[in-house]
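For reference, the structure discussed in these notes is given below.
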């Protein structure tokens, strides 16, 4: 089995394996029923899963589809959250407005910053985005109007509105998922993938790499920003250490890769599994859960180097799978 | 005037450590294309090695440098050989994910071994200093800088002169060609990863002299390593040094900025990360491969 | 195909087990269950453990002495812990779980101001009282929360005592330099100290902040050194306290007093610095030297409490221990006074609480904050933590001015 | 004759101290098939890169319909009607063969007018034309070398070009495949597409080109009809080296001697 054949395994086209996508859509439909449990805990757990999934979709678009590995998407999550907080402190109490403003601001910010930053390639792009994220966090932490490190308190969440944020987050995630699906299948998606595969060859085919990279990053920013915009009022309080947390930066990347990079199902599957497993481990191993969490990631990477979506495309049972693993060994 | 000189000295002294912090990270990234998120954990292990030797056997921290290098080299070598190698041909980000998991594992094992207590390595000469005109220079940090320079120099010589060093550089330029000329890439990779870990261990030892230890200390240095190695130029020994010094000096001078604009008090010190990062962005935009990086066509 | 089915089943099992309650904590009706998300891993592990020790010591005492009496009936106490890794979204999730899944009666606070704030909101929404002893940022108490109570003195008071002490010495301190980490708690501490100094005729000659991720503060120390202050204060956490103290020695900065908001009270501080820790002052919520006479139902004096901590956990009682235990005590007395486990009634009892304990007075203002208890000032003297201020509770005299480096 | 599609005037391209191209000038007429030949390193691929806008020339200019190509960004060059293939093929490895071609149809000259679906239909047509329909669904990274060359041509054709630059699309093909490729190019040319062909296979070049331009060490050394150009000793020397010329001369002498000997031999009786 050669590298080329391996690449085909589990790929199933630009949107990834269709069965995996169908399963994910089904799961999304099920998640709509979560608030019916009237269990705040379950709701918060899944709201956080959805939040991470939306951020993972954002990252997947620029990192997975366009091949520009961003280490700074948390900036958009944070900016989105602050958009909500600023509106809330000015008396606006409307999640839709929060999300719209966050998406607009994030897209604009991504476009402005993207112009110089997206000229950089590969690792240098990655670091530049990390720089942008840390700098944005630092600047907000030093701005008194935004509460500095003290943060901003939004209005108190009451029981009646509690599920509202769940549904809002669900919609943001569904939007990111379907957005990814339709973008991937559209001309835009093919431009992104062409840039990922070979920027020079893409240019010769008439694709303006600069333009489409910025478009990809702006859409990516909108997804993360929308998640942030719902997170802020749901959490009721934000500060730079919450909204620009390292985890919020790394987790979506980890989830996407674990689920299946450059697929529509991957980010969701990754988020569900990672956040779900983390929650369970935390419950059963109050102290050692992070240890097991680390071990779990290592094992999954070693057993499924191309992500969980790969499972859906594997044919020929355990033996074929083991055989295909050997190909990744140096 | 005296503050400017003092800041320059502070910056250079801090930059020397950052250079070593970034060196191993930069080599692994530049040569193997692996973003090693476990680098911070390796730094922490190096610091604890020094701590253990110091508290149990009163070994001077500087004397423990070779020990932490060797121990961490061995650890890195084994990890690459028996874990990372398993997915060596998978896409780049797969190994990135793997190092994320490894970092979690190592840090949490350390939490169980050493607990979350904060510890320090305080030697008899810790804090001793001398003055040059108005400028105060702490001996420990000066020695640290000297050690950092020496390590960078040795690394540079080894990479350019030794047979293995050349094989490493050949591999980083063209794996296929290197393989054809008889380089065992698996072995080279294990050595490079070991080297990266060993240098992280050395950095940890040097850090333990000025910074208190706890199992999660590595993360802060990991982020700095990211910035420094790109600032200087990925995979370049001199780049790490230049990047470290630039970063240290920028941070030192950023501290003294202090202005008030429209009622908003801006402390450069509070913004020192942001300032350093803006410098990074400017450098990258002017020179997309870092200060010492090779310009590519 | 088989693989996929296995995977799908695995995923299903995972979802299902999320919904299931964990170990049945409140089997019978004669147990009061408290819940607390604390930092058991992550960068606040140490503080999280101290918090947990404080809670557990109280639980063991109460259970060994017949439990809490509510309307004539004795209840045993149980505490359900989860690890919030000091992360905000995690502690929110855990607080919800404790309430909805584990059905705890009451919440004990997490460690840290940010997480306390998050959990406070959930307590408010669910109308479950929370008493916390480890989130001193005043912001938490300015939101109008009715179900959150803090047993500790607010952040702005942390360094006031040191300034008060330094002003009372001869020669009296005139000038002060303040360095502070950028996090919310430290900023409140610094602002409080600066306000106190200015309003009491002292001059703040230097004030600056550094990122709470700083690994080198030497340039701040260089700038501070130029202003030649009488008192050097640092508002931060253990790691930066060590960094600052080392840096001060490295640059040979001489002041009459060195004070830290957090650091000197943890044994780690003196262990890490050795002799260089001598002479350092630390603001503390409590020390084992305080001379309060506590109400019955628990150790009545600080000495007894310290002895219990030492024999159980084999280290000197830390104020994180004490304030955590105090949070439990607030519940104990409030529940007894309410004579009920009804959350609303216990809340009202907490609001009216006025009791003295080994830790000091437990009484809350209308925001839920314990503003009635003074802070203490400790000084490390010959490697030992000695309480030196306020005078009525001190077990030693402040050594002032602090000796030059190398003579300590 | 005045219908010039592409004008290359005094183009020079310097890399560091080396002039890869030096004062190269020639016109390409609309509808022509121009063969561009020269030894390795003579600057053929560099010239292709200049024409397709990948490199900006150090000196001189390339104009297409009176418009300077150096001012047009790479991605917009194809919108003018110029398409190219790469000597080292650059397929989008994880995309299928059809998708590879469809990307060209989407973003090429008439891409804006095509829906995604129409682009795929166009791609399928082109795959039929180049003979890749049988592997349309396979990932491009699976293709054999000859198929990759075909894919390059199909991608370029998907851009609906007026001028098509072909960089060694026949290298590595066997005799039958070369003939197929030539037929393909002829049919493309017959539809009015101007071709610029870089090729090592002399036979192929000669059979298809209307004009041949010869480059050596970055300079143009000859231009003209295939037969004329290939006959020129200067070209032969530059292209094949002086030893080859010498050997040809020796061969010519031997041949002349052989013929002479044959003439002198008396005819056999009864033959």
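Per-chain numbering from 1; labels A, B, C and D assigned in written order.
Basically, a residue touches a chain if its C-beta (ideal position, glycine included) is under 8 Å from a C-beta of that chain, and two chains touch if they have at least 3 such contacts.
All values derive from a computational prediction rather than experimental measurement.
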Shared interface partners, meaning chains that touch chain A and chain B: C
Can you list the groups of chains that still touch once chain A is no longer counted? B, C | D
Please state whether A-D or B-C has more C-beta contact pairs across its interface. B-C
In terms of CA centroids, furthest away from chain D sits chain C
Using CA atom averages as chain centres, what separation in Å is found between chain A and chain D? 45
Any idea how many Å lie between the Cα centroids of chain B and chain D? 51
Starting from the mean Cα coordinates of chain A and chain C, work out the distance between those two points in Å. 35
For chain B, residues that touch 2 or more chains besides their own: 108, 219, 223, 267, 270, 273
Residues of chain A whose C-beta touches two or more other chains: 3, 138, 141-142, 290
Contacts with two or more other chains, residues of chain D listed in rising order: none
So the touching chain pairs work out to A-B, A-C, A-D, B-C
Touching chain B in the complex: which residues of chain A? 3, 63, 69, 71, 116-117, 119-121, 123-124, 126-128, 130-132, 134-135, 138-139, 141-145, 246, 250, 253-254, 257-258, 261, 288, 290-291, 293-298, 301-302, 305-306, 325, 327-330
Which residues of chain D touch chain A in their complex? 52, 54, 73-79, 83-84, 86, 90-96, 99, 102-104, 106-109, 111, 116, 119, 138-139, 141-142, 155, 158-159
Once bound in the complex, which stretches of chain B touch chain A? 29, 35, 37, 83, 85-91, 93-94, 96-98, 100-109, 112, 185-186, 189, 219, 223, 226-227, 230, 234, 263-267, 270-271, 273-274, 277-278, 280-281, 284-285, 288-290
So in the complex, which bits of chain A are touching chain C? 23, 37, 39-45, 48, 51, 138, 141-142, 148-151, 153, 156-159, 162, 235-237, 239, 241-242, 245, 247, 272-273, 276-277, 279-280, 282-284, 286-287, 289-290, 308, 311-312, 314, 317-318, 321
Interfacial residue positions of chain B with respect to chain C in the complex: 2-3, 6-7, 10-11, 13-14, 108, 111, 115-120, 122, 126-127, 129, 131, 136, 138, 140-141, 207, 210-212, 214-216, 219-221, 223-224, 248, 251-253, 255-256, 258, 267, 269-270, 272-273
